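Below, each structure is written out as structure tokens.
Here subunit A shows up in two complexes: once beside subunit B, once beside subunit C.
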Partner chain A sequence: MGFRDIIAAEFRFTYADVFRRKITLVTFIAYPYILTILVLLIGYSLGSPTVFRERVGIDPMVFFILAGFTIMAIIGVGDDLLWRPLFDEWMGTLPYVMASPVPRIQHYIAIPLPRLILVLISGSTSIVPVLTYYYGLQGLVEGLLVMLLTGIAALFFTTIAILIMGIVYSLGGENWRIINIIRPLFLILVGAYYPRYLMPLTGQVISWLIPSSHVVEVIHRMISGLYSSPVDLLVLLGIATALFILYAPPGVKSIMYWEKTKMREGVRV
Partner chain B sequence: MGVAIEARNLWKTYHTKKRKGLFRSETETVEALRGISFTIRHGEVVGLLGPNGAGKTTTVKILATLLLPDKGEAYIEGYDVVKEAMEVRKRIGLLLTVEKGFYGKLTGRENLEYFGALYGLGGERLRERINYLMRLLELDKLGATDKLFEEYSLGMKARLGLARALLKDPPVLLLDEPTLGLDPPSARKIRRLVRDLARQGKAILYTTHNMFEAEIVCDRILLINKGVIVVEGSPQELKARLPKLRSIDILLRNGSPEAVKKAIVEAGFQPTVETTPEGLVQVRVSVRSPEDVLGDLVRVLVGRGYDIVSLRISEPTLEDVFIYFSQSGG
Partner chain C sequence: MDAVKAVLKAYFTTELIRSRGFIFGLLNMVLWMLLFLAPITLFRPPDIDPSVISGYAFTAILVFMSYSVATWDWAWELRWLMTRGLLEYIIASGRSIFILYVGVLPVSLMWMIMALTLVYALLSVLTAPPAIAVYDPVIMAAGFTIFLIVLFAHALILGGTTIATGTSGPVMEFISWILPIATGGLVPLRNMPVIVQEIALYTPYSYPAELIRYSILGVEPILPLWETVLYGSLYALAYLIVALLYFRMQLKKLLREGPKTVGMY
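Right, the complex of A and B next:
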């Protein structure tokens, strides 16, 4: 059984869903802009862009387009993984997925890839033109780098999302609703909207445990020039990689445990 | 032909919490299976027949590695469904409910491609297999191949479900009420196909409520009630085991039901007598061997001046068997 075939199957599944629901596609492209407009409308009524620039080091317009794009990629991966078991249960496909001999970890890694690639491509309609407009040729290069780093940040979110997915669904019953609480917390703690160094200490500690947050910090530092040497950024990427790997074994165990729990109570048909 | 499916003393109890007020809850216990055992050989269709809540779907789920038994063991082609679940999954084709189980925004073909990949198939082999199954189940003729699943009729859904079960050409099929709610042509198509698959050597566990269907599809029937197999055998064997369910049905033109009944009881029979909407008197006498008593019965009725309109001997149906054994508990 090829991992390639599983990925191909997931691509087919996601693209059929996205392209047959045009609103999803439109949302992909429009989301960073809609979010930026909303945030700036509120932000400009409360404070000045100059103060924002002084505190964060980036133009608010660039920052929020960046944040919208990054969040969409990271949370998209989280959503695909966290909601999939529930979706499969609603569709009645869960028994057939569970009764298939597919290696579970391969399947769950493949699940978020298609949407992630689509989101990354949509960066060419948001982050790349905006950075190019603001910073010229350097902005274009940075835009492409941001797309790459966002891809890494999102991929690094898979193992922690799998771990949470396994734990939440193992609790059984209606406990999947916890995802509704976890999701917005990640939205903040990943640090895309709210840079980590501005968070209170508790927030910083929790944020530090999320692999993607370190990659997001790399993106922020790179755009705002807040680093003394590239080694600073590589250290952050190293921490992110280590955390990503660290969450993999308990992630696999949590899926297995969830599956056992499901088999104990019986997969709903 | 070797044993393909084996269940040994399977037990399963469900515990469900029922909320009683804000903080209190009660645990409700339902014994779904109470020590069932059976075997199914390759080339055999075995029907699991029983009322709602009898334990049919629980049995299928355990064999499909979707549910852990509390006690007992089950094997698919020698592989333990609990300890060697992955090996079992490679060898089974599964159909649970016909109306659900596919992605609505994918076409029939795309759904089969998706599940084919999960079953370890890919490339040209998978495409050829899907084309073959589409033809076999006449989904191509129905124009369902490239139609979204959400636009499918129930008959198309059932056929697609069976196509998925056959996708990896498994030696064992677990079919849970595959014709439930289907139109007669679709149901007939599926029943015929199941028989053909058995001839090809597949072992098939087939659950149904439909007695007629069980009689024509299954080589052997396991009658399950309240988690216990109450009786087992071929449809003919089961009918033969009924003590007194062959009956003599007679229609009389004249006489009152009370007088007719009295006359027959005096002759030593125990009849049921009713008046039909047409005003005729219907007499039913259930006996083990109608041929032996038919002459005596006719003589009694004619001797009392009753005018016989029609007379026939009825064989018990599987429904009679089902009701008899379900009520008697075996």
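Right, the complex of A and C next:
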């Protein structure tokens, strides 16, 4: 079974589920708006959008719709990878996954793709109309660019997520609970809801290690105009790419180690 | 009562003791709070008393977390039971599913108290200690009682939908997010646009939130106080009756058609 077959199978599996439970599709579209309304309502009732604009350099509505969209894409990839082994174990399907001749790495690379594509397409109902409304034609172009960059940010999250997944599940037992800490921690440090350039130094340093955080910063700087030349943004994308590649070999090893551990200990059903 | 105690013991052990669940749970909660609280601090004008801002934020989180308990600890518990294939055993035992809810309640309350303490500490560090006080104990008691009834009804509607669809259906997603936001759960109704105020007053959710805010923040509700109590109580009871009927209907459907398959999302 080639990689293309695995991807095709994963697409069929996910889309059959999504289109059968159409509400999943609706939630992809609604979530960026829901999260934006949540933060804006509290923020507006407690303070002022002008103060926010002065501090961040972006209108709060634009900033939080971007945040909701990028978080949906990144968390989607993270969740697909970090929870899938546990879900398979609970559903009793893990022994079949283990017994199948499909290369594990190819399988886990393919898993987040179908949902990520759906989330990215859903950007045409959230960031594109909002940015077009605020910035006109330039906003439309930026909206499309943000969709592309968000796709890159989410894809760049795969290798680090695979690395963590392999390590956490290799530890066995109920150590999967660590994911409950890692997941929100990543979401904070990726800088979508709180710009990285406003974080304290320690936060910035840790955030720097996450490939997607650089792409999120590119999005923020592009929208707010906080860059002297496009080279600044390309440098950030270069760092993100380098980190993405850097996490790949240990990620592969961690998956292989997890697989070996499971084969040795057996799968609990 | 024995069944309730057994559920309490089981959940206490699973959620708080086993595999350092208490520590992981607490850290998880702090981080999620931080994710949404940190950007809110960016709205704060330098000339406004930060403790007032903290007080509003604390109350908004109190209301939001209460909805979370009803959604994730009660309604979502049924989905969890379906995932583990346990729901059939509970039904076959002939016991009421509500025994589970009663048994889980003390664990949920413990969580909420710990989480709110953490939120208080976080707000104190990020902005200032929240300016909250008990302005009217009677209204406070009334507010929380009505709130509990509404939350129970809320959990029944979501739980009913979950067992009917096998996943978090439209009602689950939208009620759990939009309603607390749109019905004045997070922000005083008088700070909302008129259209939202009118919609909010057509739902049972707005009244207890207004009463709780009045009792601990001193923010006047948009309706006269005793009208808020009266309409809130009547509305909560009516909502509970509708929710009970809906839940029973879904349970009967489940017994007729069998449990649904569970989706990952």
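Operating definition for what follows: the second predicted complex is superposed on the first by the 268 of 269 C-alpha atoms of A that agree within 3 Å, B and C clash if a C-alpha of one lies under 4 Å from a C-alpha of the other, contacts with A are read in each partner's own complex, and residues count from 1 in each chain.
Here is the rule we go by: a residue touches a chain if its C-beta (ideal position, glycine included) is under 8 Å from a C-beta of that chain, and two chains touch if they have at least 3 such contacts.
As the structure is a computational prediction, the values presented were derived from the model and not from experiment.
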| item | value |
| --- | --- |
| Joint occupancy of subunit A by subunit B and subunit C, clash or fit | fit |
| Touched partner set for A:17, first subunit B, second subunit C, both or neither | both |
| First (subunit B), second (subunit C), both or neither touched by A:242 | neither |
| Contacts of A:148 with subunit B and subunit C, given as first, second, both or neither | neither |
| Contacts of A:26 with subunit B and subunit C, given as first, second, both or neither | second |
| Residue contacts with subunit A in the superposition, subunit B compared against subunit C | C |
| Which superposed partner A:91 touches (first subunit B, second subunit C, both, neither) | both |
| First (subunit B), second (subunit C), both or neither touched by A:263 | first |
| Contacts of A:178 with subunit B and subunit C, given as first, second, both or neither | second |
| Contacts of A:209 with subunit B and subunit C, given as first, second, both or neither | neither |
| Superposed model, angle subtended at subunit A by subunit C and subunit B (C-alpha, nearest 10 degrees) | 80 |
| Superposition-derived minimum Cα distance between subunit C and subunit B (Å) | 5 |
| Subunit A positions touched by subunit B in one structure and by subunit C in the second | 17, 21, 91 |
| Interface residues, subunit C side, partner subunit A - complex | 18-21, 24-25, 27-28, 31-32, 34-36, 38-40, 42-46, 48, 53, 56-57, 60, 83-84, 165, 167-170, 173-174, 177-178, 181, 186-188, 191, 262-265 |
| Of subunit A, residues touching subunit C in the complex | 17, 21, 23-24, 26-27, 30, 34, 37-39, 41-49, 51-52, 55-56, 60, 64, 67, 83-84, 87, 90-91, 173-175, 177-178, 180-181, 184-185, 187-188, 193-194, 198 |
| Subunit A residues touching subunit B - in the complex, by the definition given at the top | 1-2, 4-6, 8-9, 12-13, 16-17, 20-21, 91-93, 95-102, 107, 260, 263-267, 269 |
| Interfacial residue positions of subunit B with respect to subunit A in the complex | 14, 57-58, 61, 64-68, 86, 89-90, 92, 94, 96-97, 99-107, 110, 113-123, 148, 164, 176 |
